[in-house]
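By letter and in written order, the chains are A, B, C and D; residue numbering begins at 1 in each of them.
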Amino acid sequence: MKPRLSITLLVVLALLFVGPAGWSDVRYEVDPPDILGYKTLKCDFHMHTVFSDGEVWPPVRVEEAWREGLDAISITDHIEIKPHEDVAGDHNRPYDLAVRAAKASNIVLVRGTEITRDTPPGHFNAIFLSDNRPLDEEDFLKAVEAANRQRGFVFYNHPRPRWYDVHTKMLENGWLHGVEVVNGGTYYPHAHRWCLEKGLTMMGTSDIHDPAPRRRTTPENHRTMTLVFTKDSSLKALKEALFEGRTAIWHADQLIGSRKYLEAIFKAGVQIGVPHYRDDDEEAVWVEARNDLPIDVRLERAGDYGPRNITLSAKATTMLEIDIDGGQEQAELKYVAGNFLIGPEEGLPLTLTVPSR
Amino acid sequence: MKPRLSITLLVVLALLFVGPAGWSDVRYEVDPPDILGYKTLKCDFHMHTVFSDGEVWPPVRVEEAWREGLDAISITDHIEIKPHEDVAGDHNRPYDLAVRAAKASNIVLVRGTEITRDTPPGHFNAIFLSDNRPLDEEDFLKAVEAANRQRGFVFYNHPRPRWYDVHTKMLENGWLHGVEVVNGGTYYPHAHRWCLEKGLTMMGTSDIHDPAPRRRTTPENHRTMTLVFTKDSSLKALKEALFEGRTAIWHADQLIGSRKYLEAIFKAGVQIGVPHYRDDDEEAVWVEARNDLPIDVRLERAGDYGPRNITLSAKATTMLEIDIDGGQEQAELKYVAGNFLIGPEEGLPLTLTVPSR
Amino acid sequence: MKPRLSITLLVVLALLFVGPAGWSDVRYEVDPPDILGYKTLKCDFHMHTVFSDGEVWPPVRVEEAWREGLDAISITDHIEIKPHEDVAGDHNRPYDLAVRAAKASNIVLVRGTEITRDTPPGHFNAIFLSDNRPLDEEDFLKAVEAANRQRGFVFYNHPRPRWYDVHTKMLENGWLHGVEVVNGGTYYPHAHRWCLEKGLTMMGTSDIHDPAPRRRTTPENHRTMTLVFTKDSSLKALKEALFEGRTAIWHADQLIGSRKYLEAIFKAGVQIGVPHYRDDDEEAVWVEARNDLPIDVRLERAGDYGPRNITLSAKATTMLEIDIDGGQEQAELKYVAGNFLIGPEEGLPLTLTVPSR
Amino acid sequence: MKPRLSITLLVVLALLFVGPAGWSDVRYEVDPPDILGYKTLKCDFHMHTVFSDGEVWPPVRVEEAWREGLDAISITDHIEIKPHEDVAGDHNRPYDLAVRAAKASNIVLVRGTEITRDTPPGHFNAIFLSDNRPLDEEDFLKAVEAANRQRGFVFYNHPRPRWYDVHTKMLENGWLHGVEVVNGGTYYPHAHRWCLEKGLTMMGTSDIHDPAPRRRTTPENHRTMTLVFTKDSSLKALKEALFEGRTAIWHADQLIGSRKYLEAIFKAGVQIGVPHYRDDDEEAVWVEARNDLPIDVRLERAGDYGPRNITLSAKATTMLEIDIDGGQEQAELKYVAGNFLIGPEEGLPLTLTVPSR
C-alpha cells in the first residue's frame, strides 16, 4: 500500500511540473510598436490539441505562445472532429486544462471552438465564448446562433474562393465578424477582398496541430499571427478591438491590413536620420534609416529620387545614399512598401521624410 | 444528417494527416560510425506521452525521433502515474497508437513502460515487452518479475547514489540489466561505477515529457541517446546487443562507454593525414586531422610531443603543428581524450599515429 | 638601442602569427563526391588583395579558403588596376607572400593574374603562370600571348553577352580556354551557351575583394566555386583537368555543368533505399532517399509515378511515398533535377531507381 | 593608349566601390542603454591594418565596426612594427585612408597609434592625436611625451601583472590615463585593480589583426568593446569622457566597470513587472522580468526570498516565481549579479524591487 501513497505525491509533483508554463524557459519579445494610442497584442486564435485532431496537451499551447512572444490565444478544438477515442472530456476541457498555465504565464486565454462542416458553409471559429458545449448542434446555423447568443466573435476559416448564400445569411444576421485572410502558410486574396468589401475583421492564424516547430519568434521564422490594436490587455478590450476590426496580420515576410494601421506601424517603427555626410563630387548625401520593426520593409521607388530599391532589414540600420539635385537635398522621397499589403497585390504608398541637416 | 457524413471523411483525412511521421519533413542523419563489425543504432528508450505525464500524442515521439536521426525508441509511459483523467486507454495504447507511424518512417519501435516507485526501489523501465498490462502490479517485485517473464530488458532510471538490498535482489535474480548513467541532462557517476562493477548495460535517455525542443541533431544540441552496437537493425539484434552490454552514451559533449567501444569510435571517426609540410626553421611538420564524428574530441597531451591541447571539432579538419626533435618527425603522440569517459573522471588514453611522409 | 633590438623579435613573432593559415582555426569539409575515377577539388581562381583593388593581405585568401573547405585557389590581382599607392611590389608579390601559408595549410596555390581592359575585349584571368610580370603589356593580345607562352590557362571574366572578333581570334589562336559562367552572385546564360558551343571550360569564381563574409561553407551559404575533377591533387593534374574541361560550378543552390558530370554527382551522392513499408489501403510504399551532397536536389516529376515535386535536402534523408499501381510497385521514376543545369534553363533528366523489397 | 585611359575610369570605379563603408550592407544595432544623462557609445580603440602587422586595408576596420554596431574606433597601427615591406606610407596613412568611409558611415574615427616596447614598459596606445608621426621616437618616454603634448589619451595595452617604475613615472607626469582591463579574449584582474586604485580609465579592446570574424554583434558573439558614457557623439565629448573615466567594458558574457555605471545599466535595462498571478496553495506570486540589455544577467540570491539562481537572458523575458511568506508578498529581493564585475571576482549587489499588485 505504501508505494501507492507516495505515488499520489509523485502525481502532484508531475502535475506541478507540467502545469503552468515554462518559467525555466525564456520568452523573446517580438515588439511590433503600439500605434494610434492602442496597445498592439500578438494573437493566435486558431489551434488544436489532442481534444480534437491536434497532437499536444492543452497547456503546451500556452507554453509555446509564451515562448514565441504572443499575448493572447484561443484553443479552438473541433466540436465535430474527435479522432482520438482514448480522449474523453467535454468541449470545455481544453480551455479548463490550460487556464492555470495561462494565468501563471500572463497569456490571455480566450475560450473558443471550431464549428466544422464541409463547404458550404465550411469551418468557423467562435471565440470569446463562456461555454463551448451549446455549439454541439447538428444544424450548422443553430451552432452559429448559439455562438452569437453568447456574444461570441465568429470568423470563417481557410475559406474557399466562392461566397455562398449561407455566408450572406450569416452576415445579414450579424453572425459573421471576421475571415481568415491567412491560415498557416496560405494567404487568400479573395478573403482579403471580402474583408475590404464587407467590413469583416482580417484574421491571421496558425491553425497549428503539431507541436510548435520554433522556440522563438524571429523576422525570418515566425507563426502567422493577428496583431490586435486594443485599449488595454484585458479580455474585454481584446474582444472590442476584434469586433471593431482593429487588426493586421503578420504572415511570412508580409504585413496585411488597412492603410491606416500599416502606415502607423511603419511610422512608429522606422526612423530616418539627419543626413550625416554630404559628398558634392558624388552629388549625394548619406542618411541612416533605422527599422525597429520585427519585419523587413521592402521599398520600391515611386518618385524621382532615392535608391530604386531599398530593403530596410528588421531590427537594423540601413545606410541610404540620396541624390542631390542641383545642389538641393531631397526631403521627400516617394516609395511603395511592397510587403505591406493594403489590398491584394497592392503595397502601401509611403513618403520618406528626410530631416534637414 | 449530411454534415455528419462528410465529417467522417474529415476525420479520416485528419487521421491520415496526423498519422505516419512527417514525410514532408527532413531527417538530418547523425552518423556515428559503425564499429567492430556492428551497426551503430541511435536509441532513446525513455519518453512519455499524454498517456502518463507527458504532453504529446504518441506518434509525435516517432516524428521527433525520425527528424533527430534516431533509429529506435521506446515510449515508456508510467504504469502508475496517469495524471490526465481525460485520457483513458490501457497501458498498451501508446505503442499501439504509434506503431504505424514507426513503420512508415522506418523507426524501430520497442514496446515498453515505466514501473514507478519511491526510492527504494525507484523507477525502472522495462522494454521489449509484448504486453505492458501484466506489469500493473501493486507489489514492485511482482511487476519486475512480470517484465522478466516476457524476457524484457529492465533498467534503473535516474538512480539515487545509494544501492539498496532490493537492487541486489533484482541483480541476483537476473532481473536487472541496465542503469541510466545519463538521464536528460544529468550524469550519475555512481551509476557509471555500478555498470563497470556489476556488468550492467550503460543507458542514456532523454526522459522527455514536453515536445522535443529541437528539429535536428547537431554536435552542439542533441538529445541524450544510447548508441547500441548491433548485428543488424532488427528488434531481435537490438535486444541482444542491450543484453550483452554493447552500448555507449552520447550526452552533451561527452561519449561515455567502455574503453573498447570508445576507442573503436575514435579510430573509425578520426583520420590523421600524412604530414604535408615541414619547416626546419620552426622544427615542425604540419598535419591535418579530420574528425568525422558528430562530437568534438578534446585531447590533452600525455606524452612529450605534439600540441598541449587539441580540440578536434566535430565534422571538421584541424591543422596540427607537430615538433621535430633532432631531425626526427614524431610518429606516435600520446594523448587522453578528456570527453570520452571510460570511467568517472577518467578519459580515454589514445595514441595518435602520424603516417610517415 | 635596446628596444629596437627586441622589436626585431616582436616583428618575427608577428610574422609567424600572421604567417601560415589559421591552425588554431577549424576547417569544415564540404565533400562533394569524387566521380568517374576522378578526385573532386573545390577551387576558386579569381580573387583580389591590397595588391590591386582588394581589401586584404594575400595570406588571408589562403586562410579563408582553408576554413571554407576549398582545395585550390589563385590570387589574381589586376595587372592594370593598382589603386593603393601605398602598396608597392611587383605583380608576383601576392603569390610570393601567400605561398608559405598555402604550404602549411595544404592549399594548392596557383600563380595567376587578371588582364584588365574595357569590353571588348574585357577582363581575363591567366593562371598556372610562372611569372606574372611579362603580362604587363600595353597591347592586350601581347599580354594574352605572354600568358600562353607560359602555357597559362586563360579564361574570360564576367563576360558581356556579345561575342567579339577579338574573342574569335583568341579562340582561333588557342589562347582562350574557359569562361566564367558564374562570377560571384551572377550567372551568365550566354557564357553557359558559349561553353557548350565552343568547348570552353566552365568556370565559377568568387571575384572576392572584401574579406570573406563567412567562416564555413554550408549548403545555404557558400562561395561560388569551380569543382574540378582531377587525377590527383597536384598542380599538374589540376591544370590538365582545366584544359580538358573537367569542371562543374556550384553557385547558390545550383550545380552547373555537363550532363555527364552532374549525373555522376547525383548518382554518387543520392541513395534510394529499399521500400521499408507498404500500405495497401493507401496503395503506396514508403522509401527513404538519402542525399549526402552539400546541395539540395529539387526534382520535378517527368513520368507517371511518384510525388510531383521532391526536395532532397542536402545532407539529409527524405521520406518518399510512392504509388502502387495495380499491385505493382514502381521501380523506375522519371524526374528532372531543376537545379542541376546542363544548359541554360535546362535541368538534368534522371531516373530514380527504387530497389525491390 | 586607349585601354589605359579607360583603366583610369575603372580605377575610379574601384575606388568608389571599396571606398565608403558597406551601405549595401546592414548594421544591427546593439543598444546598451543610455545612462545617467549620458549617451552610451560602443567603442574599440585598438586595431591593426596592413600598415603594421594587421591583415586588412584601413577602411575595412570602419566597415566591420559599422556592421557590428560600433560608434567609434581608432586604428592604432604600431609605430615600430611594420613587417610588410611592400607597404609604404607614413604613420598617418591608416587614418587618412579610412576617414572618408568613417564619415559616410557615421563612425567616429579617432586618430591613434601604438607605441611598442618590450615590457617594461610594454605597449601603449595613444589616441586623439592630430599627427602620429612625432611619436616615432627612439626614446620611449619621449614618444609618450609627444603623445601628451598633443593632449592624447594614453593607455597601457595587455599589461603584465607587474607595475614598474616607468609606469609610476608616467602616472606622476600625468601621461598615463587608462589600462586595458580586457584585450581581445583576455581579462587582467591586476589591471582591473590598478584602475580602481589609481583612478585609471578601464579600457576593453579587440586588438584585432585578422579580418573580423563576425557580421553582427549578438549577446553570444561580440567583440570586446569599451562602453563610453558621453555628453554627445562628438569627438570632443568622447575624449572628455575617457579622461574622466566614464567607461565600462563588455567582454564575453561580462560587464566590467564601476558600481555606479553597472548599477545604472542594470536599472535602465531590466524591468520587473507587477505580479500577475498569485497562487495561495503554492504560496507564490508570478512576475515577469524583462531584460532589454544585450547581455544575460546572472543573479545569485543574497537574501532570504526569491529563486536561488536567476538568469535573465538578454533581450528576453523571464518568469519569476516569488515566495509569499506568511501571506506577505516580498517587495525587495537581494541578489548579486555575478557577471557584472565591480572588482576582480566581485559581482554587483542589487535589490530587485517588485511593484505591488
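Going forward, a contact is a pair of C-beta atoms (placed from the backbone, for glycine too) under 8 Å apart; a residue touches a chain by one contact, two chains touch by 3 or more.
The shown structure was predicted, so the numbers you read here are calculated from the model rather than taken from an experiment.
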I need the common contact partners of subunit B and subunit C, sorted by label.
none
Identity of the chain that, by mean CA position, is farthest from subunit A:
C
Rounded Å distance between subunit A and subunit D, as computed from the means of their C-alpha atoms
39
What whole-Å value do you get for the distance between subunit B and subunit D if each is reduced to the mean of its CA atoms?
43
Multi-partner residues of subunit D (each touching 2 or more other chains):
none
Tell me the shape of the graph of touching chains, choosing from line, ring, star, complete and other.
ring
In their complex, what parts of subunit D are in touch with subunit C?
1, 3-4, 6-7, 10-11, 14-15, 17-18, 50-51, 53-57, 59-60, 63, 80-81, 83-84, 86-89, 93, 97, 116-118, 138, 140, 209-213, 215
For the complex, which residues does subunit C have touching subunit B?
16, 20-23, 25-29, 66, 103-106, 273, 276-277, 279, 282, 286, 288, 290, 313, 315-321
